[in-house]
Amino acid sequence: MREEDGEIIKDFMYVMRRAPHGTIYTYEGLEMVLISAAFDQDISIAFIDDGVYSLLKDQDTEDLQIKGFVKTFKALDGYDVEKLYVDRQSLEERGLSEDDLIVDVEVLESAEIGKLMAKQDVVIHN
Amino acid sequence: MREEDGEIIKDFMYVMRRAPHGTIYTYEGLEMVLISAAFDQDISIAFIDDGVYSLLKDQDTEDLQIKGFVKTFKALDGYDVEKLYVDRQSLEERGLSEDDLIVDVEVLESAEIGKLMAKQDVVIHN
Amino acid sequence: MKIGILLKEGPYNHQAADSAYQFIQAARKRGHEIESVFFYNDGVNNAANKAEPPQDDRNIYQRWSDLGAEGVNILVCVAAAKRRSINEEILIENATITGLGQLTDIAIRADRLVTFGD
Amino acid sequence: MKIGILLKEGPYNHQAADSAYQFIQAARKRGHEIESVFFYNDGVNNAANKAEPPQDDRNIYQRWSDLGAEGVNILVCVAAAKRRSINEEILIENATITGLGQLTDIAIRADRLVTFGD
Amino acid sequence: MLHTINQSPFRGDSLTSCIRFIQADDPILFMEDGIYAVQHGNKFNEIISNLSKTNPIYALSPDIKARGIQNVLAEVKQIDYDGFVELVENHQVNSWL
Amino acid sequence: MLHTINQSPFRGDSLTSCIRFIQADDPILFMEDGIYAVQHGNKFNEIISNLSKTNPIYALSPDIKARGIQNVLAEVKQIDYDGFVELVENHQVNSWL
């Protein structure tokens, strides 16, 4: 937490730990991130466990007649949400690599993400 | 499935696989069992995985101000629901034994419950 | 074949309502009769009529109402509904609030009961 | 201390609504200000006013309404509410439908944000 | 009896539990987030491969496509909702929620 | 930072995941169905015991009582909602949903 021009700026970490589509949590979690981006806070997203599946390329929900949202991750950059951390172990257990993901992320060890997490003022799991 | 006096009688198995209290599924699943008992079908309940926790003695939700329902398991007998199967492995992984349970049950190996399950006309997970 | 459907989760929050709907459409196309769709647990939330889902997304509530208009029984468990603030005043068209016994009745009459949930 | 609460699951279906309430009661007893309770995801279902829970059980909806009367902001996310058929017509007393931005605002202003969910 | 699994095997216990109770030759259908169980390269591959020796394994193609899973295990037959209904025609259903 | 866990460790992955990210000395509170993690005699005892060497472990007593758990691991401190609030006074909160 710090102050800039009399405004409070907090460190927010959104934790995405669920698979997309099966439940709405990732989708509504993403809406939360996008809206909070307007508040000029210091925002990061951590993708761990099934959350890494959210970032897979070529997700196409058309046959299910469900509105897709994966492309919205690509829009995060435009909202100045640039700190996207992905847990290496979660990727590896799923046989995935950075190349499988739709956006540029920082792949980190769990311990490193843990240290970043510990510094947050606000942590919200989706 | 068989017929008796022109009425269809099916084998129903209700599968309780969740812990009580954290979610409503066990409670509403139990309501389903009690109501279906009035239909003179051949009913059994299988308690597997966290479902075995539903049957623990001395559950007391008073401090949580939540209506308890565990005693309702004791009422099953009065509704002629007598086939209560408990998975031995689920008990053992939880360090529990038959003595910890509030009602008389039949503790069976998974394979035996599997065979019973395979014979059902209707299987409903709570 | 006569098929009954049990839906145990609310719309949008879980994919169950979508899966149930897609299954029903495919089953009807193959000539089966979907006799009833029974909403239980949070599934009763599928029957509320005040929703305004995003314009560019499917309207799950409308789907159930339309299926009801086509003769499928859309049944809502009264006990589960009372807990979840669903009643006759805010019910989608072509749905019926009914007792939980109806579900057993469906399971007895139908050739298959298919459950969708979490 | 100023504490904000985020509730992400519906009443009765999940214990989250009960846990949040018990936590709030204890926090107030210790002299803290519960500034706002924000309902998101299925949490918005806590704000509907047509429920008739069993007489011998707690009324979760009434609890929120009573807290609202005591000055706690009971806030319902509009986007989540629209998907789940919650609107002004069927809202419990003392609750307010508002934008999702309010949640970030609470998180900034409050000393703590405590989440209850599944 | 047809067994359906709709939970991610990383998060839920449906898969391991279902395997303990299933009979030989009973078909299993992976759907919704259950799909991740049949993705090539993850830690559940051996379990699924072993299972395929005794039980036919299916996965719902629109759910695979929605999740962007490119490599599904070869032992798994991909079917659409029409195929799901066909399985239900031939079996009673046990949905492992 | 206070970490809360409300899922049964048999069904969800919150416990194993939280352990991977938690810092030494951070308190953990088990509540709701998370309570089953601290029940004496089950297969998670070793994990909890090891964890207790680096992190203070709490469990919410009304949730323990509701579930009829008689034997809670000795390494676990039982607290009520007042104790929960006290932990929140001293730490930011990370709820592992």
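All chains are identified by letter, namely A, B, C, D, E and F, in their written order; residue positions are counted from 1 within each chain.
Just so we're on the same page, a residue touches a chain if its C-beta (ideal position, glycine included) is under 8 Å from a C-beta of that chain, and two chains touch if they have at least 3 such contacts.
Source: prediction; values computed, not measured.
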Tell me which chains count as touching both subunit B and subunit F. D, E
State the superposition rotation angle between the two copies subunit C and subunit D, fitting on C-alpha atoms only and giving a multiple of 5 degrees from 0 to 180. 180
Measuring centre to centre with C-alpha atoms, which chain is farthest from subunit D? E
Among the chains here, which has the CA centroid at the largest distance from subunit B's centroid? A
Please work out the Cα centroid separation of subunit E and subunit F, and write it as a whole number of Å. 33
Measuring from the mean C-alpha position of subunit C to the mean C-alpha position of subunit E, what distance in angstrom results? 24
Measuring centre to centre with CA averages, how many angstrom lie between subunit C and subunit F? 38
In subunit F, what residues contact two or more other chains? 6, 10-11, 13, 32-33, 62, 80, 92-93, 95, 97
Pull out every residue in subunit B that's touching 2 or more other chains. 21-24, 49, 64, 66, 122, 125
Going through subunit D residue by residue, note those that touch at least 2 other chains and give them in order. 12-13, 15, 22, 41, 54, 113, 115, 117-118
Dump the list of chain pairs that touch, please. A-C, A-D, A-E, A-F, B-C, B-D, B-E, B-F, C-D, C-E, D-F, E-F
Quick one: which bits of subunit D touch subunit F in the complex? Just the residue numbers, please. 1, 3, 8, 15-16, 19, 22-23, 25-27, 29-30, 32, 112-118
Could you list, by residue number, the parts of subunit D that touch subunit C in their complex? 10-13, 41-42, 45, 48-54, 61, 82-87, 89-90
Could you please specify the touching residues of subunit F with respect to subunit B in the complex? 6-8, 10-11, 32-33, 36, 39-43, 61-63, 65-70, 80
For a test of understanding, state which residues of subunit E touch subunit B in their complex under the given definition. 1, 13, 17, 20-23, 26, 92-97
Subunit A residues touching subunit E in their complex are 18-23, 49-50, 53, 56-64, 66, 68, 70, 93-96
